[in-house]
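Next up: some structures, all given as structure tokens.
In what follows, chain A forms one complex with chain B and a second complex with chain C.
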Partner chain A sequence: MEKILEVKNLSTSFFTSQGEVQAVRELSLSVAKGEALGVVGESGSGKTVSFMSMLGLLPNNGRVKSGTALFNGSDLLGLRGRELRAVRGRDISMVFQDPMSSLNPLKTVGKQVAEALEVHTKLSRPEIKNKTVEMLKLVKIPEAEKRYNSWPHEFSGGMRQRVMIAMALVCEPQLVIADEPTTALDVTIQAQILKLLRELKDELGSAVVFISHDLSVIANMCQRIVVMYGGMVMEEASTEEIFSYPSHPYTMGLLASIPDLEQKKDVLLDPIPGSPPDMLAPPPGCPFAPRCTRTMTICLKELPPLAEAAPGHSSRCWLWSEFAPTKGNVFKEGAVHVKG
Partner chain B sequence: MLEYVLKRVATMFVTLFAVVLLTFILMHSVPGGPFTAERKLPEQVERALIQKYKLDDPLYKQFFDYLKGLARLDLGPSFKYEGRTVNEFIREGFPLSARLGLLSVGFTLLTALPLGILSAVKNGKWQDILVMFIATLGITIPSFVIATALMYVFSFRLGWFPVFGVKKLNGYVLPVIALSGYSLSFVARLMRSSLLEVMGQDYIRTARSKGLSESAVIIKHALRNALIPVVTILGPTIAGLITGSFVIEKIFALPGMGVHFVTSIANRDYTAIMGITIFYATILVAMVFLVDIFYVMIDPRIKLGRES
Partner chain C sequence: MLRVEKLVKRFRVKGSRNLVHAVEGVDFSIAPGETLGLVGESGCGKSTVARTVMRIYEPTEGSIILDGSDISRLKERELRPLRRKMQMIFQDPYASLNARMKVRDIVAEPIVAHGLLESEKEISDAVLAILERVGLGKKHMDRYPHEFSGGQRQRIGIARAIITNPRVIICDEPISALDVSIQAQVVNLLKSIQKEKGIAYLFIAHDLAMVRYVSHSIGVMYLGKIVEACRGDEIYRNPLHPYTKGLLASIPAARPVKNGDYLKPAIEGDIPSPIAPPPGCSFHTRCSFAMDICRTEAPQMKEMSTGHRVACHLY
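Then we have the complex of A and B:
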């Protein structure tokens, strides 16, 4: 499939009074045309920062240190000012996490959606308004014509997120980055928003990068999943593979900590012990090693490379190394993974 | 809207009544009276004066008499200056104070807002540091020091402006700068911090992600939000500037209201204290009222009355 976004070796750091926080380290990933890619990881794993880096939306103390992000062949990281703004909102748009704070309280929702069209198209005012109302209808806002003039505070969280989605899609971008779009919503509203996103994605043919810390949400949305930890890609595979044959201890830990409806009451959830690494001084070895149940000596010393666990399935774990022992190795011994 | 305005006007009267009552009580609790002086008046003279101004009536009666006068907008005769009324004091002093004040308000807004915005946009750069340095000076240096310094440099040394008086139009320049110094610095700092805070909000990131240019983000999204706290303090600031600063008026020998206010307290000139306090309070309350109306115009989240 044709790739529309190809990120290579992206590193982003924040420069704080305590030192350099290495939020993203040597990140590589790609998004194909019309694809839905899930990016999963805990808070602080660098999911959001990596995409903010590409759009130049980092806070003032954040800087992209190296890497390329080819979007339709041109490097986003090399774009400045006007060129970058032409991409934002038109070719790549974003849906943010918190719809309560992501809308300007002093502008009507219609105007805020229309603004993207004003910036990126040469349509006349009535045309812009028509298109905006159409978009509001598409995201299923009832009485869209009337609601055009509503204020954000008159909307519920779910409705506001619909407005955010309308805003992101109104210019029919090739890529939508949805950054935890349902985290701040009720579970029922969450399901509605996910359904809406899925439908619109198919209708408009945009590719979607779906950032979340919730694997089950991503499973519903995406064909392919990138698991991030400590600013790095830990595992990447199709959704099916990730769920059937998780090939990294971190992914296995994530899957084990999802509550199961059929689980007995007295069986406790199995959380991953410890907390994510301090990115001010990331460990020299595998960032997950201190929390991993299968740590070997090398894990603490050297960073594992991304190894191919199966075609189209890569994992950053020393257990995949050709020098790793076979005995007691979950990935090699028990045929956890059926190759091919 | 009309219902809201009427309600607000009603509460304004309640506030003013409270001001009248409190001032009256406080004033009468302070030892001494208008006719206590270092050199004691002959007893008969004092008694005659007290009777003339009805100061021997019970306090509540004096209070109601005063209210009756107030209802006719009559602030009463001055106890200290024979044959002069408090209304006259205000009529004579206020126009100058108001002119000086309005010029200062204009000067404050025209300089403080752009400087605050510039400072926020250039956060951390030399423009920011320079503006904030001057603003800190403006807040920390008392106005009489600024006034005398300005006077020394621009009037005595350079001779650009008159030393005192406003016979010539340029006589306003130095008093306006000295009077605005504090509020200007305060508003500039507030504008800066408020804009900086808004620039860190999520909806600013949303606006940027839509592809708006930085100037469009500031003008169309950040400024209006950042103005809300600034508008809040503008009410009292404007009232304060208009009713005049005693110090500035004294230094530049301007016959405004401030002088009367301070001397009336020292003199225990009961009616003058009351009259000028009420006048000041009225302007303050009116300004706060205007600010509230202005709020509704810029912030749709503020609902008027009980609409819903």
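Then we have the complex of A and C:
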């Protein structure tokens, strides 16, 4: 598959009065043309910051420390102001979580969708208007011609998210980064928006990076999943593999802590103990080691490499690494890990 | 323990004669040691129910019977001694703790306000005991809320709620602001505290799987009314109201999708405005089974089997 985005060793930090917060550490991932990639992780795991870094949207105290992000062969991290603006909104666009605060309350809905066309294309005004109305119809806003002149506050949450999606897709971008696009919505509306995103992706052929904390939502959208924790990729595999054969204890823990509709009521849930790591001073070994039930001696000392757990399935865990020491590798409870 | 009858809460829209019909006749009761789960989309009035029951809002009509006495019309002064029997846990653990107070003072505040304990030593011991119960400790007592993670803050909120030995706790979306791995921790804690102390919970949430897991009975709300209610998890096995069916069908399953069988939207459109709720059954605008009668006449609650009630003209 031809790769549209290839990120290598991206590290981003925030410099705060308390010190350096290492939000993203040595992140590598790629997105193929037309693919839907799911990025899952808890708040603070670095999933949003990594994509904000690539698009030059970090706040003032954030800095990309190293890495490359090749988009169609050119490095996004090397682009400056105007060059980046030409890509952003035309070739790569974003859908944000909160449609209430991401729309401009002082501009009509139609004008906001049209803005990307005004900036990025040479279309005439009537052409822009036509294309905008067409886009509003495509995201299933009823009476699109009339609604063109509506204000964001006249729309419900679900309708605003449709407008956000129209804004992101109006220039037919090659890559859409959807950051928790359904988290603020009710389940009934979430199902509507997920269907819309799937249909538009197929129709326009755009690749989608779908960021979410919810594995079940991602399962309904993406063929491949990257699991992030402590600013790093912990596991990467097809959706099928992640659910059927999760190989990282964090992924297993995530799957176990979601109650489904068959959950026995008299049995306590199986949560991951503890809290996410403090990225001001991340633990020296595996970031998940302090919460892991299978921690070995080495996990607290050394960061495991991303190793192949199965073909096309990688896992950052000493349990899978061929370089893991064979001697003196003791689990918390005292059992010894035997490889293979 | 807590019984609510024909509860109505309407708000006046500022600068107009319009009313927001937030809650329009809600009935339920909760037994000691049991949990009533209240589910529904945002805007259905579930949080207004919580706040009205707590008397944060004044009820427009109806009665709220706590431990045998009707508190719906009590004056603030008469209400105060009863408040310790009913506490609340809020959704946002960042906004619901005073950032300028130490944890020890936050948790001690209810016992100080109600004058339950006098000496500083007694108060401090009580706070420590409660903090240990929720999985925190002595070292946390003199810290400020910003030093804690979301899950830990929610534990502080729970400690503050249980320190007066309440009979009822209103939990308004207590886990929806937390990460998935932390949600299960907090739910386990709430469940074990309930088992130990026999507290009744009103558990408000939009996560249907979690509500099923914690609740002994469940009410489904739509536009200010309970449209279906049951004991146990009957509505999950045998949902009757088209709205309940649609809600359940909208939950994405935690498993990979096979043969392109993606989640389909089960309910189209949005929840109508509570300023002008549709006449008849308020769900008829989105219901695929709507008949003529649904547009004119509001359905009454009917008991279909023991404890399983539904308000729908289909039955």
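Worth pointing out:
Here is the rule we go by: the second predicted complex is superposed on the first by the 322 of 340 C-alpha atoms of A that agree within 3 Å, B and C clash if a C-alpha of one lies under 4 Å from a C-alpha of the other, contacts with A are read in each partner's own complex, and residues count from 1 in each chain.
Just so we're on the same page, a contact is a pair of C-beta atoms (placed from the backbone, for glycine too) under 8 Å apart; a residue touches a chain by one contact, two chains touch by 3 or more.
Nothing here was measured: the structure is a model prediction, and the numbers come from that model.
Model built by superposing both complexes on chain A: chain B and chain C fit together without a clash. Once the two structures are overlaid, the count of chain A residues touched is higher for C than for its counterpart among chain B and chain C. In the superposition on chain A, A:Val217 contacts chain C only, with no contact to chain B.
By the touch criterion stated above, A:Ala191 is placed in contact with chain C alone, chain B being left untouched. Using the contact criterion defined above for the overlaid structures, shared-chain residue A:Ser101 touches chain B, although it does not reach chain C. Rounded to the nearest 10, the angle at the Cα centre of chain A between the centres of chain B and chain C is 70 degrees. When the shared chain is aligned, chain B comes close enough to touch A:Trp151, but chain C does not. By the document's definition of touching, of the two partners only chain C reaches A:Ile258; chain B does not.
Shared-chain residue A:Arg88: touches chain B; no touch with chain C. For the pair chain B and chain C, the model built by superposing on chain A gives 5 Å as the shortest CA-CA distance.
The contact surfaces that chain B and chain C form on chain A in the two complexes do not overlap at any residue.
Across the interface of their complex, chain B is touched by residues 55, 57, 59-60, 82, 85-90, 93-94, 96, 98, 101-107, 112, 115-116, 119-120, 151, 153, 164, 167 of chain A.
Contact residues on chain B toward chain A in their complex (touch as defined above): 123, 200-203, 205-213, 216, 220-221, 224-225, 298-301. Across the complex, chain C meets chain A through its residues 41-42, 149-152, 179-185, 187-188, 191-192, 206, 208-210, 212-213, 233, 236, 246-248, 250-257, 262-268, 270-271. Every residue of chain A that touches chain C in the complex is listed here, in rising order: 42-43, 156-159, 186-192, 194-195, 198, 213-217, 219-220, 239-240, 242-244, 253-255, 257-261, 263, 265, 268-273, 275-276.
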